[in-house]
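Okay, structure first, notes after.
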Amino acid sequence: MAAPLLSIRGLEVRYATERGPARVLRSVDIDIPENAVVGVVGESGSGKSTLALTLMDLLPGNAQQSAASLLFEGVELSSLPRSQRRRLRGTRMAMVFQDPMSSLHPLFAIGTQMVDIQRTKHPELSSRDLRQRAAAMLTRVGVPDAAARMSRYPHEFSGGMRQRVMIAMALLVQPKLLIADEPTTALDATIEAQIVELLRDVRSDIRGSIILISHSLGLVADLCDHVVVMYAGEVVETGAVDDVFGAPQHPYTRALLDCEIDPWAAVEKGAALPRIPGAPPDLVEMPAGCVFAPRCPQRHERCGVAPALKSLDGNRTVACWLR
Amino acid sequence: MARWLLARVMNTHAGAFGLVTVVVLLIVAIAAPLVALHDPNAIAPIDRLQPPSLAHIFGTDHLGRDLYSRVVYGTRVAIGVSIVVMSISLSVGVLLGIGAAYAPRALDQLVLSIFDIINAFPSIILALALVAVLGAGLGNLILLVSVVFIPQFGRVARAQTLSIRNSLFFEAEKVLGTQPWRILLHHVLPNIIGPIFVLASMNIPVVITIEAGLSFLGVGVRPPLASWGNLLHDGYTYLDQSPWPAITSGLALMLATLGFTLLGEALRDAIDPKLRRER
Amino acid sequence: MSYAATRRQVLAGGSALLAAATTGLLRPTPASAAPDKIVVRVDRDLANLDPANRTGPIDVNVLNAVQQGLIAFKPGSTDWQLDAAEEIKQVSDTEISFKLRPGLTFTDGYGDLTAEDVKFSFERFIKPDSAGKMVDYASDWGALDHVEVTGPLTGRILLKSAAPALWVITLADGSGRIISKKAFEKLGDKIASTVIGSGPYIFKEWKPREQFVLEINPDYKGPIKPFFKQIVGRPIQEQKTSDIAFQANEIDFERFEPENKKAFSALPDTSVVELQGIDYVWFGPNIEKKPFDDIRVRQALRLAVDVDAILAGAYAGLYPRANALLAPNLLGYWKEAPVYKRDLETAKKLLADAGLADGFKTTLTVLSDAKPQAVAAIVQANLAEVGIQVDINTLDPGAYWALGEKDGSKVLDLSLIEYSGKFDPSFQTQWFTSAQVGQWNWQRWKSKEFDDLDAQGAKTTDPKEREAIYLKAQQLMDESAAFVWITHNVNTYAAKSWLKPGLLPNGNGWLYTAFSAA
Amino acid sequence: MKLTAAAVAVVGAVLLLLSLTLLIPGDPATMLLGPRATPETVAALKAEMGLDLPLPTRLAQFLGRAATGDLGVDIFSGRPVSTMVLQALPNTILLAVSAILLAILFGLPLGTIAALKPDSIADQAIAFLSVGFVSAPSFVNSIFLLLVFALWLNWFPVLGAGTAGDPLDQLWHVVLPAVALAVGWIGYIARLLRSSLLEVLNEPYVRTMRAYGVPESVIVLKYALKPACIPTLAILGIGVGELLGGAVFAEVIFNRPGLGSLIYGAIAVRNYPVVQGGVLVVVLLFVATNFLVDLSYLWIDPRARARLALAGERSA
C-alpha cells in the first residue's frame, strides 16, 4: 500500500505545570493516508487538540515535544528548522480552529486578513489578485455578496458566517493536510448542520487529506473514512470508521458509542459529551498500567501492565489485553 | 495570608528590592530621632555647606545644619505624609464609594460627579489651586493631597459594592433576612480590600513626589521642617557652593519612589493581576 | 545660513545633539568688547506702567528711562540732577518754580512737552479719577496743593505745607514722571501697558513674560547720555535659573544672592558689584501684649538674641549690621547708635526681675522666604537658651502683608519685618507713628514724642535741623527696646566684565540710562 | 453622554475655584498695594475686583463672562487674564505634545523589543531602565538636564520658549523640558506595552495568523501592535494630566512662559483672577484631551464604532 501522507511515531508532548510535567500525549503512533479524511475522537482532555497544534508546530511556550519520527510527505518535520516549518504552514498545511469568534482579528477587516494569509502560498500574486481570490472563495463557501463583506469586520458576521470565512481561508491555500479542530462545536445545532453540509460539500475541493478533530462520533461517522480513538493522551483504537463504530474492540470505544446510540441524534442535539462512570486520569500522576483500567468495566489483573497497540486484521489497531 | 503575600513579593528581585527599601525607609522614618546623628534644626553658621565628613556624613546645608539628619527627618515627612494622606483618602473614598452604591440614584450621581470634578484637575494643578487659597503648610498639604486621591478609591469601592449587590447570593442573603451591615462586613469589604490596598500602595510614590514637588516650589511643607523637596530646592539654590544637599536629597527622593513603586507593583501582581493595566 | 544647516539636519531627522552642537556654537560667547545691546534679568514681569499706579521698582526703572522728570537721580547716589527742567528752585518752603528745556517732544507724535503736561502729570495724584479712585501713589504728592502754569515752559509747584522729602521721594522718582496729557486722554486705561515718554529711551516692545525692549530715543533732547542702543529685560522667576542663564551667557546682568558672591567672583568675564542697602530688617514684639508690655522683657529679648550669629548664619556673614532705623548713606544716620552684644546673664536677670525666670512660650511670625525663615530659626535657638520657647509662624506673602490691614497685627507676638527704604528719612519713620497702629506699625509702639518728631521732620527744610530730629527719633526707638535691628541689606550684582551697571543706593533702583561699558 | 459629564466637571471645577477664593486669608488688594495701602484704597480695589460680592453672584458673573472668553483682569497690570492665558497656552501645548511624542517615540519600540524577547537581557535592561525612569520626578530631571545640557555642555538654551514665529528656535527651547517630562512616560509606556503585547501575542487570532505562516514581523507590527496600543492609549489620557502638572516644574525651572509658570507665579502674589483663569484653561485642556483619547478608540476599534452607532439608534 502507498506511503501515508503523514506518519507519526512515538510522539510525546509534555506541558510544564506547577505540579510538574503533564504528559498530554504519550507514544502516539498515527498514519494519515493520502486523500483520506481521518477523524480523531475522544473526550475533551484526551489530547486531540494538542495533537493538532503539534502537527502545526503551534504548541504554546510551556509545551515540550519529542517524537521518534514525524514524517510529512517524506520529510522529517522534527528535524526541519523553524523557518521552514513556518513555510509549511499556509502552504502545505492549514488549520480551522474551534472558535471562529476569537480566531479572527477583531480590529481588521476580514478581507485584509484573508489576503495576508495567502501571501506565504502565493508571494507572486498582487494584493488585488489575492483579494479577488478571497472574494471568490467566500462566495464558494456561501457567504452572500462576498465582495462587499470583504471590508467588514468579524463582529459584523454571525458565528456560522465566521466559520465559513475560516474554512474559506483554509481552502484558499489548498493545503495537502487540513486540520479541522472541532469546527462545529462553538456553533448552535442548526448552524452546525449547515457547516457540516459545507464541509462535506468542499471535501472534494481539497486535493489532500483532512484531520477532523471532534468529540462528536456522529460528525466523524458522517464525514470520515478512518477514525482514531484517543483516551488520556494515548491512541486506544484505530481503523476504518465503519469497522470501528460497527464492531468496537476497545472498551472505551464501546463506552463512547453507548453514550451516543444514534450519531445523527447527536448531531441534532449538538455533540453531547459521553457520560462514562469515573473521570479521566490525572496526566501529571499517571497510574501504572492501562490508562483506561480505572474506569474499565472489563478490568482484570493483566491491566496492571500497559497494553501495546496491536494490529488486527483489516488494518485496524487496538490497545487492549482482551484482544 | 500575610506569609503567602510576603513569599509572592519576595520571589521577584524587584519585589524583594522594593520591600527591603521600603522597610528600611519605614524604620528610618519611625526611628528618625535614633537614626539621625544630630538635631536636624541645629544651626551652625560657621560650617555651612560643608562637604561630607566624619562629623557630617552627608555634609551640611546653607545654615550649617547636618544634611544626613535632615534627610532622615525628611524621610519621616515624606513617608508620614504619604501614609496619612493615603489613609484619609482611602477611608473617605471607600465610605463615599460604598455609600454611593447603596444610595438612591440621584445621590449616587452627585457623588460620581463630585469625583468627576476632582478628576477634571490634573493632580498637581488641583493641589496648587488649593494651596493658593489655603496657603502652604504640612496640615493643608495633607488635606489637599488627600482630596486629590479620594475619587480613585471611591470608584473602586463603588464598582465592587455594586457588583456584589447585583450578584445572586446578595439576593439570597436578603431573602434570608441578613442585615445589610453583615453583608457589607462579610461580602463587600473582603472583596474591596484587595484592590483598594493595591491602589493605595501604588499611589504612595505618587504622593511622595507631589509632596516633594510642592515643597520644592515652596508651597508645600514649611521650613525649618525638613522635606526632601525643601532640601532639594535649597540645594539647587546653593549648588555652586556645594552639590551635596541637592545630590543627597535628590537620591533619597528617587530611592523612595523607586522602592515604593516596585513594592506596589509586586503587591499588585501578587494580590490582583487584573489591576495590572489600571492606574 | 548656519540655521539653514541646522534645519537641514533636523529635517533629515539628524540627531538633535548634532544640531544642538551647531547652535551651541552660534550662541554668543562672552565678548570682551561691549556690544550695543544688553540683556538684564528682572525678577518679575512689568505690571503697571502708569507712573501713578506702578507696582514697584521694576516698573519704575523702565519709567525713569522712558519718561522724563523735572529732575533725575544721579547714578550711584541719592542726589539728583536736572532733566526736563532747565532750572528748578525752592522759592519758599511751599513753592518750587521750574523752567522746562525747549524742544522736548513726546514719542509717537504726541507733541511737545509743556508746563501743561507737568501740571496734569502731578495733579493726577491729588484728584480722584473718573471712577472716584485715588491713584495708588497719591501719598507721594500728599503735600501738593496745585501746579500753576506761568508760561508754555514755566510753572510753579505750590504745596500745602513744606515737604523737603518731595525732591528725592517724588520729583526725581516715579511719581515725578511727566506724561503727555494728550496721550493720557487718548489712551485711557491703556497707559498701564503703553508708555509714551520724552526720555532717553523709547519703550520699543513688551512681550509679556518673555521680554521688554528699550531702545535709544533719537529725538531725546536732554542732558542724559544713554550708552546702549538696546536694553532687553527678561523676567525670570527662579533665581537659580537666572544664575545659570548668566553663566550660559544668555543674560549680561542680574542681581544674585550675596551668599553666592564667592562663586560669582570666580566666574570668567564677570564683575561682581556690591551695594549697601537702605532697607531695614528687624524683629520685635507687639508691645501691647503680655509679657512684652514690660520693658525689661523687651530688653531681655534684645540681649538674648545674637544678631552677629544671625548675620553669620542667615546672611552668610555678608550683610552689614544695622543698629538703628536709618542706613549709613542717609540723612539722619545715627553713627553712635548702641551695638548690643549678646549677654545671656543680664537677659536672664531681666526676665527674672520681670517674674519670668523660667521663661515663657511665644510665637514669631515671619514671611515665607528663605532668609526670614533662617533668621527665625536662629532667633528660636537663641531665645531657647533663656527659656523662651518660640513657635515659628511662617506666612506666605498674601497672608503676611494682610496683617497690615483690618488691625491684623493685633494678634502678633514677635514678628520679623523687612521694609524697603527710600532716600528720605521721613519715608522710613512714617510707619512707626501711633496713627499707623493697626496698619503698618505692627508692634503697636506708641510715642507721642516720636509722632511729633515725625510730623516735624516731614516739614523742616534745613538739613541740619532735620538730622537732629531724626537722630532723636531713633533714640526714642532705642529706648523703647522694642526693636532689634538686624541689617540694612546688601545687594550683589553680576555683570559681564565689559558692562558697568547704573544703580541707585537702594539697590532695586536701576538707571538703565547709566548702564555703560566698563 | 461623555460630553455632558465633561461639562458638569468643568462647571463644577469653576465653582470649586471660586468658592475657594472665599477662604482666602488676607486679600490681593493689600498684597498688591503692599506697605502703602490705606483702608480706602483697599476697599476700592476689592470693589474693583468684585471681591465684596456674594459667591453666587460672583459665580454667575464669572461663568457669564468666561462664556464670552472674558476671564477677568490681572489685579496688578489690569491686563485681561484671557490674553495672558492665550499667550501662555501655545507654549504649554507645545511642551506637552512634544513630551508625549517623545514618550511614544521611545516607549513604543522599547516595549515592543521587550515583548518580542521576554526575559532576554534586552528585556531585563529595558525593565530596569523603565522602573528607573518612572521613579525620576520631573523637577529632578529638569534640574539635571538644565545643568548638564544647558550649562556644562551648552547644547541647549536655558531660558524661555524661544522667539515666536521661529519654529526651529522654539523647538530648540522645548527639547530639554520636554525630555524632563517625557522620561517617566517612556518607561511607563514601554512596560505597559510590553505586558499588553505579550497578552495579545497569545490571542487565538494571532495563532490563526501563525497557522498560515504569516511572518512574525507582520504579525507583531501589523496585527499585534494595534490592539496592544489600546491600554496605552487609555493611560495617555491620565498621562496628559500628570504632564500638565509636571509642566509647572519644567516651566518654572526653564523659565518658560507657559500656563504652569503663570499659575505658579500668580499664586505667590495671590493674583486670583490669573490663578482662576489659568487653572480653568488647564482643566479645559485636560478634559478636551481625554475626550480626544476617547474619540481615538473609535478610530482604532471598529467594535467601539458599532457600540456608538447602537447607542445612537437607542437614543434616537
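As written, the chain order gives the labels A, B, C and D, with residue 1 at the start of each chain.
Methods note: a contact is a pair of C-beta atoms (placed from the backbone, for glycine too) under 8 Å apart; a residue touches a chain by one contact, two chains touch by 3 or more.
Note that the structure is a prediction, hence the values are computed from the model and not measured.
Trainee: Based on mean C-alpha positions, I'd like to know which chain lies farthest from chain B.
Mentor: Looking at centroid distances, A is the chain farthest away.
Trainee: By Cα centroids, which chain is closest to the centre of the whole protein?
Mentor: D
Trainee: Of the chain pairs B-D and B-C, which one is connected by the greater count of C-beta contacts?
Mentor: By the number of C-beta pairs in contact, the winner is B-D.
Trainee: Chain B to chain D: how many Å between their CA centres?
Mentor: That pair's centroid distance is 22 Å.
Trainee: If you average the Cα atoms of chain B and of chain C to get two centres, how far apart are those centres in Å?
Mentor: So the centroids are 43 Å from each other.
Trainee: Whole-Å distance, chain A centre to chain C centre, using C-alpha means?
Mentor: 91
Trainee: What whole-number Å value describes the gap between the mean CA coordinates of chain A and chain D?
Mentor: A distance of 53 Å separates the two centres.
Trainee: Two or more other chains touching the same residue: where does that happen in chain C?
Mentor: If we look for residues of chain C contacting two or more partner chains, we find 396, 398-399.
Trainee: Listing for chain B: what residues touch at least two other chains?
Mentor: 135, 218-219, 236, 239
Trainee: I need the residues of chain D touching at least two other chains; which ones are they?
Mentor: Only 24-25, 147, 252, 264, 268, 270 qualify.
Trainee: Which two-chain combinations qualify as touching?
Mentor: Touch list across chains, by label: A-D, B-C, B-D, C-D.
Trainee: Which of the residues in chain A come into contact with chain D in the complex?
Mentor: Residues 56, 58, 60, 86-91, 94-95, 97, 99, 102-108, 113, 116-120, 153, 155-156, 166, 169, 173.
Trainee: With touch defined as at the start, can you tell me which chain D residues reach chain A in the complex?
Mentor: Touching chain A from chain D are residues 202-215, 218, 222-223, 226-227, 300-303, 306.
Trainee: Provide the residue numbers of chain B that touch chain D in the complex, in ascending order.
Mentor: 14, 113-114, 116-117, 119-125, 128-135, 205, 209, 212-213, 216-219, 232, 236, 239, 246, 250, 253-254, 257-258, 261-262, 276-277, 279
Trainee: For the complex, which residues does chain C have touching chain B?
Mentor: 239-240, 243, 257, 259-260, 262-264, 309, 312-314, 316-317, 368, 370, 373-374, 376-378, 381, 392, 394-396, 398-399
Trainee: Contact residues on chain D for chain C in the complex?
Mentor: Within the complex, chain D touches chain C at residues 24-28, 30-42, 44, 48, 74, 76-79, 84, 87-88, 146-147, 149-151, 153-161, 164, 168, 171-172, 175, 252-255, 257, 261-262, 264-265, 268-270.
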